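In what follows, chain A forms one complex with chain B and a second complex with chain C.
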Partner chain A sequence: MMLTLALSCIAGLLALSVLAVASGRSPVTMRIVYGASLAASLVLLILATTHLLGAQAPASVTLPLGLPWVGAHFRIDVLGAFFLAVVDLGAAAASLFALGYGRHDQEPERVLPFYPLFLAGMNLVVLADDAFTFLVSWEFMSLTSWGLVIAHHRVSDNLRAGYVYLVMASLGTLTLLLAFGLLAGPEGNYTFAQIRDGHPSPAVGALVLILVLIGAGSKAGLVPLHAWLPLAHPAAPSHVSALMSGVMTKVAVYGFVRVVLDLLGPPMWWWSVVVLTLGGITCVMGVLYALMQNDLKRLLAYSTVENIGVIFIGLGLALAFKAYGMTAAAALALTAGLLHVFNHSVFKSLLFFGSGAVLTATGERDMERLGGLIHRMPQTAFVFLVGCAAISALPPLNGFISEWLTFQAILLSPELPSWGLKFLVPAVGALLAMSAALAAACFVKAFGVTFLGRPRTPAAEQAHEVDTLSLAAMFCLATICLAVGILPGLFMDALAPVADLLVGDRMPMQRGVEWLSIVPITDSRSSYNGLLVFVFTLLSGSLAAFAIHRLASDKLRRAPAWDCGYPDASPATQYTADSFAQPIRRVFGTLVFRAREHGDMPAPGDMRPARLVVDLRDLIWEALYAPAATAVTNVSERLNRLQFLTIRQYLSLVFGALITLLLVLAIWP
Partner chain B sequence: MRGLSFDVAHLLAGGLVLVSFMQLYQDRLSALLNMFALHALVLTLSVAWQAYIQDAPHLYVTALIALVFKAIVIPIALHRIIVRLGIHREIDKVVGVGATMLLGMGLVALSMVVMLRVTADADPLAREDLAFALAVVLLGLLMMVTRRNAVSQVVGFMSIENGLVLAATGAKGMPLVVEISIAFSVLIAFIVIGIFLFRIRERFDTVDVQALDRFRGERS
Partner chain C sequence: MAVIFDFAVQGAQMLMVLLLAPLLTGLVRKVKARLLRRRGPPLIQPYRDLARLLRKEVVLADNASWLFRVIPYVVFAATWVAAALVPTFQSGLLFSWSADLIAIIALLGSARFFLALAGLDVGTSFGGIGSSREMMIASLAEPAMLMTVFTLALIAGSTQLSTVAAFMTSNEVGLRVSLGLALFALTMVAIAENARIPVDNPATHLELTMVHEAMVLEYSGRHLALIDLSSELKLLLYVSLIGCVFLPWGMAPSGASVQALAIGFAAYLVKLAIGAFLLAVFETAIAKMRVFRVPEFLGAALMLGLLATLFLFVSRSL
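Let's turn to the complex of A and B:
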């Protein structure tokens, strides 16, 4: 019943895009499309939440679509319901934001038809219950998001971003196709129920793991498959960037979890080694890339890469513990990973909305051309600060909870029997800790350079606060950040049935713990009370503010800053984003990015100013993507000759192919 | 009866392969067309024999179609075309006769090996028939590859077609509809290619397909 309602909502979304195509670019269309998307995602969110909280039994529906002898199977279980809730929370917030933000879109007719389709695609992926439906929905999601990435196709580089995205998405779908082909086996068992029953051999399992890591990992943004993500996510309109970064990467995580933890059967211990290593590298590389960026949306996109790393560390730990039968620890690690999925979808959407608000108000994405926005956009600045604090994993907000739980799981690693994992997991923990610290630095930079100081350009000086609906969307998400931070036990309990389903155990219930504390393992080991931290922060902060205002500066005055005797200091003399990142660039960048700084001095008599030039090289792109692109170009140039053969040569090719196949058939044992 | 019917069917199918070899050997166009008519005649006999032993009267229709169109109408029409084009004495060869024959023998061996292995548990009559049919198809393809004149390529194409009909009649229960459609497709192909030949002739004064390649700025 609920599933039918959910599918009708999705069908409604599909119909909405037809309406959007038919009715063109009027503002009414925009309001209808985003309003109806908001309504549909709210209904889906409520359905998913009731299913998850009630821990209801799985329901399934088979529609006579798709492959004639398979049909389209849809099923909702607790894992699907959790991800459905994540998808539709993000979708609802993005639709609400877009009701206000969409008014500033120059070409809404390029965005409106794809938007509901994109939402429908993501919803279908998490509901699909056979390989065919899953892959079709997955590709549908990729293609519609590609349409949104190139919506503003006149902006330079957006088409290239779309191209890179399309190539990577096709690669991902191809590997997933192969993975499901292996899982389905020669009998063609395409439904997930059949796949679950047939246990693949260890070799096939390993191959499927690698293929799914490439397929889902490229969509999620695992290093080194992340290259498309910082290009494509910023290129889309901001509410779509929020969806792609906050939600679509989570759908990719869903694909990984569904295949590896659910369909593939009992894991081998070394699977976790692969996942953990990739997760750790992704973490650190993502945040280092993010620190080097001056484009606000690109910084956020790279930060998504980092958070995907955190999620995969949680999932890798869950795999390791599950492989050794330590189900309680596996439940903890899995809960940490999934909670981070939820948290990241909330605060990354919030931050992308904030960057969209800044973009609307100033027309700028480059942080070096912003500054001082806290005076002109105080409310946006406040929610953006909440988002920054949450993503930097500061208590009492939600980012802290999931990263803390991940560390709790890492601290259980000495109990693992395998020596390799005993050494690896603490190392990954060190990487995670380092990336958490660097992420904090990164968001100090993002917030500080954008919102503090003095405006660097007239555009930033004349910024205005954005409309109420956009602000409402951002405030909703900020409230959720705080709510998860203060009441983490509620959300962890909601995840218990998911852990039960995937690793066969659940964390201790947090509902009965007094004073809203959470106790992930036992009382004697560790506990955390978000409410206490929140009240303490609030009290001490207010007290300090009160004391300062009362005792020190009751006469607030604004005066020109001390300018060292040089009058008219330009805003460009402020601390810049580049200068903020310089220490970290010197420490890590010389190794990771081959960063070189050199002064560009003009010749004597030349009037141009001297400059400090920083060269950064993307080694992953140069080592992996550029050679692949060259190889493909070379091969296609060679094969191009096939276009210009004579008729007889073409016939000979057919003849040769036929003879070769017959020979294979004759020689085959 | 069983032994005799098998032997005759075997003989006729083997005869078809033999005539395919004779086609490969002929390098003059008019002789090639005569060989094709003989090819179609053997096919007709083979189909008729199949109709008799399978007790399937509709196969007689197929045999009749093969006789009328492939053994009479098409060879006569092609004869007229090459006479009108003045190419009936032309010699058309890319690969030497000896090499072509050796290749053809290899192909027959290959089709025997493949077919006899694949259809190990089928009816012996159908097995032999399928193996010979595959050999005829491959020989027709070989002819298309080793000839440069468009008429020879048309003949090669229609020999492939004959091989398919042989395979289809060898298997019991092939519906007539398919036969008619195949016959018509060949007829249409013949018409199209006939027009095509005249067009080539008008444009380039030759039916050599290399002229097409030269026209595209390519070397053969």
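Let's turn to the complex of A and C:
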């Protein structure tokens, strides 16, 4: 019943796209499309939440679509319901934001048809219950989002971003196709139920893990498969960027979790080594890349890479604990990972909305051309600040909760019997701690350069606050950030059935703990109370303010900035995004990016100004992608010659191919 | 009745850290001055400074935003709560379970995040230089700090400071290589976090390598008083933390008698005095380093912290 309703909502989204194509580019269409998307996502969100909170039994539906002898299987279980809730919360917020934001779109007819399709695709992936439906939905999601990435195709670089995205998405789908082929086996057991019963051999399991890591990892943005992400996510309109960064990467995480923790059966211990190593590298590399960016949306996209690393660390720990039968610890690690999935989808959507608001208000994405927006856009500035604090893992907001839980899971690692893991996990913990501190630096930069200081351009000076609907979407998400931060127990309890399903154990229920604290393992080991920390901080801050204003002085005088007595009238003397990142670039960048600074001094008599030039090299691109691209070009040039052969040569080629095939068949055992 | 007493003790701890913090800074300054054969300001000078600043009017830069005016209170509140959660004279206080060591570090991280934003708010180059360097230092100091937390948590089986302190007083601990390394790492982090020599110089306002003081350059009056008090609280917090974990002797257990509390308080004062003396000696004996040598210093702390964690698995306690 519930599933039928969910599928009808998705069908409604598909129909909406037809409507959008038919009715063209009137503002009414815009309102209908986003309004209906909002309604459909809200219904789906409520369905998913009731399913998850009620821990209801799985329900399934088979539709006579797709492959004739398989059909299209759909199923909702608690894992699916959790990700459905994440997808539709993001979708609802994005639709609400777009109701206001979409008005500024120059070419809405390029966005509107794809938007509901993209939402439908993401929902279908989460509900699919056989390999065929999963892959078709996955590819559908990729292609519709590609359509959104190149919506503004006249902006330079967007077409290149779309091209890189298309190539990487095809690669991802290809590897997933191979993975499901291996799982289905020669008998063609395509439904997930059959795959679950199949118990693949260790070699097949390992191969599937690697293939899924490439397939789902490339979609999620695991380093070194992240290259498309910082190009494609910023290219799309901001509400779509929020969906791609906040939600679509989570659908990719869903794919990984579904295959590796559910379908593959009991994990091997070394799987976790691969996942943990990739997660650790991803989170530090992601945030270092993010720190080097001056484009606000690209910075946010790279920060998504970092957070995917954090999620994969949680999942890797869950795999490690599950492999050794430490189910309670595995439940903790899994809950940490999944809670970060939720948290990241919330604050990343919020931050992308904020960047969209800045883009509407000023027409600028480059932080070097912004500044001082807190005066002109106070409400956007406030919610953006909440998002920045949340993503920097600061208490009492939500990002801290999931990182804290991940640290608690890391601290259980000495009980693992494997020596390799005993040494690896603390090192990963150090990487996680470093990425958290660097993320704080990154978002001080993002907020400080964009919203604080003095305006660097007239565009920033004449900015204006955005419309109410956009603000409403952002305030809703900011409220969720705070709610999860001060009442984390409720959200952790909601995840208990998911942990039960995937690792066969659940964390202690947090609902009954006194004072709404969270106690992941035992009282004496660790506990945290977001509510009390929030209340104490609020109380002591207001107490101090009250006492000082009453008892000491509340006088205030405005004067020019002191700046140690140096009058600097020009806003150009402020610290820029580049100069803010300079110390970190010097410390980490010389190693990771081969960062070099050199002065570009004009010859005597030359009138151009001297410049300080910074060279950054993307070593991953140079080592991995550039050679692959060159190789593909070379091979295709060679193969191109095949088109210009004589008929004799073609005939001999056909004959040779036939002989080879017969030989293979003869030798094949 | 018992709950009221527990509340009173928790309240006393909160007040005590607030009242003792300027004294600790005064003591460090006095000892440093004596070591340099100066007479130095009286011990209560920091209180006088605070009182004077509180009474003065605030001179606010023309383009300072509301955030700039809120941040001193945020920073102060976060630091105060963090400092009140570190066990000083008694462990296992009423609210000690509301945040463990990781949360305390994160609270300090919040304070630093907002202070760095304040540095960027007015849009002067001094503020920016301070903020960007502070965040660079934090990006190494925080992981180093967390690695020491890992070591302690793995030894004591808890990130709860009261449990760690109780465990450290028990006989099961003994001397361990890991603990020694962790102490080194924690001290190095404490020096960096509190902007002490050799990382930063708390005594100057005009030096090109300054970090913390540059960040708060635009503050004046009551705002500056709160920022100063926060730094003093932070110094007290770190000395208490090192005392609580590595010198837990004399600390009263939870539910102790008034006599035990008095002993705990006396022991705490002695620990603070020792901490202040050692810090002053260290600061007098060493020269300030260039800002880009700080990463090496903190990188060493990070490596020590990591080694401390890894040695846990291969070394035995003596």
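By definition in this document, the second predicted complex is superposed on the first by the 640 of 669 C-alpha atoms of A that agree within 3 Å, B and C clash if a C-alpha of one lies under 4 Å from a C-alpha of the other, contacts with A are read in each partner's own complex, and residues count from 1 in each chain.
Rule of thumb we're sticking to: a residue touches a chain if its C-beta (ideal position, glycine included) is under 8 Å from a C-beta of that chain, and two chains touch if they have at least 3 such contacts.
None of these values were measured; they are calculated from a predicted model.
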**Prompt:** Now for A:Tyr575: first (chain B), second (chain C), both, or neither, which partner does it touch?
**Reply:** second
**Asked** Which holds for A:Ala409: it touches chain B only (first), chain C only (second), both, or neither?
**Response** neither
**Request:** State whether A:Leu663 touches chain B only (first), chain C only (second), both chains, or neither.
**Result:** first
**Item:** Which of chain B and chain C A:Phe655 touches, first, second, both or neither
**Value:** first
**Request:** Check the residue A:Ile647 against both partner chains and state whether it touches chain B (first), chain C (second), both, or neither.
**Result:** first
**Request:** Report for A:Val498: first if it touches chain B alone, second if chain C alone, otherwise both or neither.
**Result:** neither
**Message:** Counting residues of chain A touched by each partner, does chain B or chain C come out ahead?
**Reply:** C
**Message:** Give the list of chain B residues in touch with chain A in this complex.
**Reply:** 94, 107, 110-111, 113-114, 117-118, 138, 141-142, 144-145, 148, 153, 209-210, 212-213, 216, 218, 220
**Item:** Touching residues on chain A, where the partner in the complex is chain B
**Value:** 644, 646-648, 651-652, 654-655, 658-659, 662-663, 665-666
**Prompt:** In their shared complex, at which residues does chain C touch chain A?
**Reply:** 54-63, 65-67, 73-74, 76-78, 80-81, 95, 97-100, 102-103, 106-107, 109-110, 112-113, 116-117, 119-129, 131-133, 135-136, 138-143, 146-147, 150, 153-154, 157-160, 163, 205-206, 217-218, 220-222, 225-226, 291-292, 295, 302, 305-306, 309-310, 312-313
**Complete:** Touching chain C in the complex, chain A uses residues 371-372, 374-375, 378, 381, 385, 389, 392-395, 400, 404, 407-408, 410-411, 414, 419, 422-423, 426-427, 429-430, 433-434, 436-438, 440-441, 443-445, 447-449, 452-454, 515, 517, 523-529, 532-533, 536-542, 544-545, 548, 552-553, 555-564, 568, 571, 573-575, 579-584, 586-588
